[in-house]
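Each of the next two complexes has chain A plus one more chain, namely chain B in the first and chain C in the second.
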Partner chain A sequence: MNKLTLIVLLLFGLGITSNSKKVIARQGQVSFFSYTSVENIKAENNQVLSIIDLEEGTIAVDMLMNAFVFEKALMREHFNESYIETDIYPKATFNGRIEGFDAQQQGTQVKIIKGAFTMRGVTKDIEIKTKIENNNGGYMLSGTFETFVKDYNINIPPLLAGNIAKSIEVNFKFEYQPYEN
Partner chain B sequence: MQLIFKKFKIRYKPAKILAILFLFLLIGITSCTENSDKIVSESSDVKQFAVDQINDESFNFENSNLIESVVLVKGEIKDINYLNERSTIILKGRSNDRLVICDMQDNQKQILQKLSIGDAIDVKGILKGSLNDIILLNCIIPQPKNNE
Partner chain C sequence: MKIKTILVGCLLVLGSIQIATAQDDLQDILDREQNKTSDYVSPAFKMTRVAFGHSTEVRNQGVLELFTATRFWNFPGDRSESFVADKVTTRIALEYGITDRLSFGVGGTTFDGLFDGYLKYNLVSQNKGEKNNPFNITLFQGASYNSSSIPNPLVADDFSDRLGYTTQLLVSRRFSPKFSFQVAPTFVHKSLGLSNADNNNFFALGFGARYKLGPHLELVSEYYRTLNPIDSFNTYDPFAIGVNWEVGDILIQLMLTNTRNMVEDTFITQTRNNFNFKDPNLHFGFNATYVFHLSNKLKKK
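This part shows the complex of A and B:
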């Protein structure tokens, strides 16, 4: 009887662990800044999707490149039509793993997320230092990293080269909710 | 140049001309900086969809020619939130799996205060595409006309 109970409990336990617990951010914020002496360019996307598998420690991010909002219409037009070509490459994605992530730890932990970022059909391995806040199961991730225009084969006409920085600062903030799917 | 000024009896004052040119330049710059996306207005004719229609997985966004155009979506309010200092309405259809996220124009704040979760509403906005959910930007809630 005891053995049977143990087996049932074991199977039940396995069943629970195979149903990975996930959290979702439907309105993540990603913004980028380009600083030059000629002009500063800022854009913000507030509808970035991200899902974390808390047990696997994996993270996926998906964003529509045409959903970035700029200060000037001309900046948006250049970004969508000339630099990113959003009609051909509508999305950018990131798939990675949070190194040493403890989903149960309350409060703040700073971790490195390693993964592959794909934009304009070009995939680069990147590492991002990320602040993770866990407030009773409400997770928030935020951080900053730099990326280089040349890494993604973005062609900037010589006339506008002075207006766009070679290195772009990217900021992100995701607030997650339980994902029931 | 001086002939033109003589013809129109205008006294040639470079400072005045420079000031006028500067004014035109300023008007040009401010008109460019008002908004990076097109403004959605009540009057524009648009295609209409229910949340379930636009969320149907067989709906092909890439071939629909609807990306970057203004659409009207009918649905039930699942949530209203103010994350990232933006006003957002989330619409649902029959299922909760795929939703419609509507990022509202700043001038809609007063209208939002009158809405509640569960209300059936129409939202008009620029269709940006689909991730897990459908994304609309610069949204407005069309108001019924007085004679209706």
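This part shows the complex of A and C:
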């Protein structure tokens, strides 16, 4: 009987954790770079959403692909219309978990985030080394990773193959604030 | 002992469900938040022209376009000694985005000796979300000077007599990712008619459409209906069907059309062939645009 009470209590406890504390970033920055000898392409999105469940250590990111702005104005139109086809695939999302995340630890910690990244309907498992800074509950995540254009079935005309790098460098920076339901 | 095993099992199952729902919850929260943001709709037309006429699209600030348009056609007859085509006309123009909404262009045409310039202002861009605009609206004002020699001594041909003006209200909508449509009420004042008896003011209605065939390729068609055509000659409504192909900074348009003129006031009022596949009515058209970006800044539009 004692064991049963214990289990009930455990279940109860789990119920509490599901309403756990979350932090959200509404103006996250994601930028990407493509370096080739022919042309450098740079784009930035300052409206990326991200949320972290501090107790679970889970993280989600949601970005609208048409919010990317480019150094060369016409590239935004090409990016949306010809490459990402944002009418059909408006978003890119990431769902993952921060491995060994300690929400209480102050200062800087470097962790691996493992999860699934979805873009143009293609989902890839990725691991990203991320710097996490915690200043009294104000969390900031930043990092860099590389991703391959060919993984996402992006149609690049052979004439332009030299203008777009095979591997794209992605930088991100999110500043979180407490999230209230 | 058995009860304990069952309960531990239940606990594990419940726990894993809760973790799974926690993941979904995060994505659901972001979905709700996302509805409050971006309202960008891709332009209805990719190029500043549908085929021969202007589209609602204007270029951003600091974008310079070198625009070349050529039309080829043959004379009727069995024998022709010409290389490729009997006749060719070329218009070369420079077009520049002064601001993100206002652009201007100047050009010259070889065949009809027309020098032209225009200003184009994008009044409204199609948007969804809070600022819900169902249409793109662009104002177009063009002027041209006819430099060709006029053999008829009865026609007055002072500088002001050689000018032509076109005013257009271009209205377009991107109905779906693949399909866009444009309507263009047009007013043309042409000081120089083909004869003195002809009127100088014309009203026309233009229609243009785009259908996306693939990521870089689209099918386009354009037609202008002149409501009060001139009397001294038979004129026909200009029509074109073609494909637009985009490769980065190079934009290419290929078309079949019945008009050899490339300035609005002339092709709307003085197209003298109907659209069919007989020489010299069929014109093959080729527009190539090279885009220069003169100010490379990350734009916050």
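As a convention for this text, the second predicted complex is superposed on the first by the 163 of 181 C-alpha atoms of A that agree within 3 Å, B and C clash if a C-alpha of one lies under 4 Å from a C-alpha of the other, contacts with A are read in each partner's own complex, and residues count from 1 in each chain.
Following the convention adopted for this analysis, a residue touches a chain if its C-beta (ideal position, glycine included) is under 8 Å from a C-beta of that chain, and two chains touch if they have at least 3 such contacts.
It should be emphasised that the depicted structure is a prediction, and the values quoted were computed from it without experimental measurement.
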Room on chain A for both chain B and chain C (clash or fit): clash
Touching partner for A:E175 - first (chain B), second (chain C), both, neither: first
Which superposed partner A:N95 touches (first chain B, second chain C, both, neither): second
Partner chain in contact with A:A67 - chain B first, chain C second, else both or neither: both
First (chain B), second (chain C), both or neither touched by A:E133: neither
Which superposed partner A:Q47 touches (first chain B, second chain C, both, neither): both
Of chain C and chain B, partner touching more chain A residues: C
Which of chain B and chain C A:Q29 touches, first, second, both or neither: first
Partner chain in contact with A:N155 - chain B first, chain C second, else both or neither: second
On chain A, the residue positions that both chain B and chain C contact, one per complex: 24, 26, 43, 47, 49, 62, 64, 66-67, 69-74, 76, 91
Contact footprint of chain A on chain B as seen in their complex: 32-33, 35-37, 62, 67-68, 81, 83-84, 86, 88, 90, 96-97, 99, 101, 103, 128-129, 131-133, 135, 137
Residue numbers on chain C that touch chain A, as the complex places them: 3-4, 7-8, 11, 14-15, 18-19, 21-23, 25-27, 29-31, 33-34, 37-38, 40, 42-43, 46, 59-63, 97, 100, 176-177, 212, 214-216, 246-249, 291, 293, 296-301
In the complex with chain C, residue positions of chain A that touch it: 3-4, 7, 10-11, 14, 17-18, 22, 24, 26, 42-44, 47, 49-51, 53, 56, 58-62, 64, 66-67, 69-74, 76-78, 80-83, 85-88, 91, 93, 95, 155, 157, 159-160, 163, 179
Residues of chain A defined as touching chain B within the complex: 24, 26-27, 29, 43, 46-47, 49, 62-64, 66-67, 69-76, 90-91, 173, 175, 180-181
